[in-house]
Every structure is written in structure tokens, then in C-alpha cells.
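Written below as C-alpha cells is the structure these notes are about.
The first chain written gets the first letter, and so on, giving A, B and C; residue counts start at 1 in each chain.
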């Protein structure tokens, strides 16, 4: 089994290496630089930035809080069930 | 190793024999693929002329839909006759069964594509004959990528609930890179001057995908199929 | 581990309280201005999405090959977290895009691949829920294949023409931006660990309940 694993990993790496060497990304699709916008796309309307920024942060906080609340709610239910069951098992 | 190949060959032959006798899956899949092409044609053709790159996209979507259908039907047949359990009980190398089924599906899809490519080429005026070798390579690697994941998922879903809807739910997100590569590569070949370096790049990506996912499927087939 | 939990929660809360202040004091980016500050939460969330994908994938592999129920519990927790952080990425990304590019969605490779990864893990939870008995294994296969998919979609971002800043950005951040950025990463990472532990505890309780049900039936 272990030899098989080694063989497959080896062949995968070989294929990967040779493919990466052989396949250069075609010309004309060069990766872009850093935070510099493409000149063809200037923001057409000058939307105010602040509402979007605030909305983004609110969304992050809300999502995390709602998730934590959902875990807490399920945890309460499970602990209730657990206590209930333990009582029933003990009273038998 | 020889035993492995023998088992795979036997499983594949069994599938093909059953299929050749009834031809049920072949006919229905081909017809389904052709009607999907028609639906897309009506959706995407404007004033008698298709949108750019529509032909490449439609071809691969039709392959994906037809493939999902064929996979579902093939394994539904196995489930009804309980032959899959019998196969798993046989004292053979489990991954060999996977390979056999995969080869059967590949041949089936190959026949479907033989019909589909000329059909799409005709309806959308797309020069599929421009670089036939590259096109065949694209189709082969792409179909292998799609079928490799599809065969594994269809096999493991045989005993699951809601298996009909779960197969596309699981299969499409994983095989989207295949579709992207297939469509972009085919579109590159269909241009006025076929863009071979581009096609070569996408074929390379597909080969890499195939290697990774066939290997993964071979590894996980046994643990997935056993209780 | 359990005793370290509460202090770590406090630490996480402190980090999250400090982060917006640090972000506010970071130097403004020359072209994007204010809206670029979304980046300080957007990118760490994307990192957590990818981290979740790997944790879930590896835990699923361990579950499949070693049949470890504990690994399965970690996997489902990581799967849920992938969806939560993915949702954050999917909402903050378009908010950034709407201001800067003028459109909510541009089919650019990075955001699309994050979307794809997110969908893979939604499918993961769907199959676990509706696959009937034995669905844990089906989900595990999905997570494993999903994790293996990550490099393919990630590579696409660097080879396609895209409006999205490429992966080079993080390495070439201006000095003033590095501090707040890595602070946010640390905050998110800590939060991630805490949430994972919490969620896994829920799964452990569920497993205990099931055991008790089985014990009662005997």
C-alpha cells in the first residue's frame, strides 16, 4: 500500500513538474500588478465610499455574531437533551 | 497489475455488452444532448446569429448534462439489479471495478460526443474541423476529468437518499474547472485564427486535473464503497 | 485546553476591538482611498475560507481512511465555518467592487473561485443533511475533492486577465499597511480557532446524546 502511495505521489509530482515547465501561460494574459486600477475601468459614478465600507464591516460583525448565536442556541438544546437523557438513564 | 487490468476489462465489457444489447442509455442520452443543444440555440441565438463563443459553451454544457444523465442511469441500472453489491463482494481489487466502470462511461460519452460535435458545428456554424487533433485532445481530457469524478460520486451515491438530485449537486461544483478549461480551450480553437498556445495551456491544465482526480478517486473508492 | 478557552476569547475580543482603530490609522491607499480598507477584513476572511477548506478536507481524509469519528466532527465544524467566512467574503467583495469598479460582480477569477469553493461546502452540508444514513462518508468525499480543487481555481486567478489584485499584493504591502493587516489576520485566526473548538464541542455533545439513546434502547 505504501509503495503504491509513493508511486502515485511521485508520478503526480512528475506530471505536475513537467506540465508546469511545458505550459507557459499564453502571452497577453499577464498577471496584473498591485493595487493599481485598470485604466479602462474608472468608476463611472463617484459613489460615496463610506456607506460601502460601513456596510462591509457591519456585515462581518453580524455574520460572526449570528453564527455564534446559532451555535449557542444549538448547544443549549443539546445540553437540555443530554441532561434529560442522563436523568432517564440513571432512573432506570 | 495484470489482475487489475483483467478485472477492469471484464467490468467494462460487461457494461458495454449490456448497453449494446439494449442501447437504452445511448439513444436517450444522445437525444437528450441534442435537445439541450436546441434549447440553448433558442435561448442564445439572436436574429439568426449565435452569440460569440456560444458554440464552445453549448457543446460543453451539453456534455456535462448528458454525462450526468448517463452516469445516473448507469448506476441506477446497477442498483436495480443489485449487481453493484455483487461486484463489491467479488474478491477483486476494488479500484479495478472503478476503472472498468469509468472506461465504460468514457466510451459511452465518446459516442455521444461523436454525434454532438458535428451537430453543434452545423447549427452554430462553428469550424470544429479547424484543428481536429487539439479538439480531440481537449474533449478526451475534459471528458475524462468529468467522468472520473462523476463515476466515483455516482457509485457512492447508489445507496444514498435523494441520489438523483445529489449527483449534480456534488458533481457540478467540482467539475467546473473542467468545464472552464474545456470551453476556453475550444473557444480558442474556434477563433478565426486558432490560438494553439492557448489550447495547449488548457489541455495541460486538464491533464493535471485528470491525474490528480483519477488518483484521488482510486484512493477513495474502496473506503467509500464499504460500510 | 478548556481552561485556556476563556482568556483566549478575551484576547480575540481585544484584537477585534483594536483592529478597526489600527485600520483607521493605516495610511490611505493612493488610488482606492477609503474603500480599500475593506481589504483588511475581506482578505483575512478569504484566508479563513481557504483554511477551512483545507481543515475540512484533511479531516475528511482522516475520517475516510482511518474511520475516526473525531475527525468527522472536526470536518463538519470546519465545513460550517467555511460557509460563514465564505459568506463574509462574498458580501464584502461585491461591496468593494461596487464602489471601485462600478459593478457588483465582474466574473473575475478570484471572487468566482471563492464563490465556487463556497458552493462546494454548501453542497457538503447539503449532502450530509439529505443523503440519508451513511451520508458522512459522501460528504467526506465531497470535502476531499473540494480541497483538491482549490489549487486549480486559485491558479486561474494568475493566468486570466482580471481586475482583482493578484496574490502579489500581500507581499508588497506598504509598511504602514502591514501592521493593521497582519493584526487582522491574527484576530481572524484566533477567532477561527475558537469558533472551530466551540462548534466541535457541539458535535461532541451530539455524539454523546446519540450514544445515550443507543444505551437506552438496549
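Just so it is clear, contacts are C-beta pairs under 8 Å (C-beta built on N, C-alpha and C of every residue); 3 or more make two chains touch, one makes a residue touch a chain.
This structure is a prediction, so every number in the text was calculated from the model and none was measured.
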Most remote chain, CA-based centroid, reference being subunit C: B
B-C or A-C - the one linked by more C-beta pairs in contact: A-C
Where subunit A and subunit B are represented by their mean Cα positions, the distance between them in whole Å: 28
Where subunit A and subunit C are represented by their mean Cα positions, the distance between them in whole Å: 3
Subunit B and subunit C: spacing of chain centres that average the CA atoms, whole Å: 31
Per-residue overlap in subunit C, given as positions that touch at least 2 other chains: 159
Set of subunit B residues in contact with two or more other chains: 201, 205, 208, 212
Contacts with two or more other chains, residues of subunit A listed in rising order: 25
Touching residues (chain side subunit B, partner subunit C) in the complex: 149, 152-153, 156-157, 159-162, 166, 169-170, 173-174, 176-177, 180, 201, 205, 208-209, 212-213, 216, 220, 223-224, 227
Touch list for subunit C against partner subunit B, complex: 64-65, 67, 116, 119-120, 123, 126-127, 130-132, 134-135, 137-138, 141-142, 144-146, 148-149, 152-153, 155-156, 159
Touching residues (chain side subunit A, partner subunit C) in the complex: 25, 29, 31-38, 41, 43-45, 47, 49-50, 52-53, 55-57, 59-60, 63-64, 67-68, 71, 74-75, 78-79, 81-82, 85-86, 88-89, 92
Subunit A-facing residues of subunit C, complex: 20, 29-38, 41-42, 45, 80, 84, 87-88, 91-92, 95-96, 98-102, 158-163, 165-166, 168-169, 172, 191, 195, 198-199, 201-202, 205-206, 208-209, 212-213, 215-216
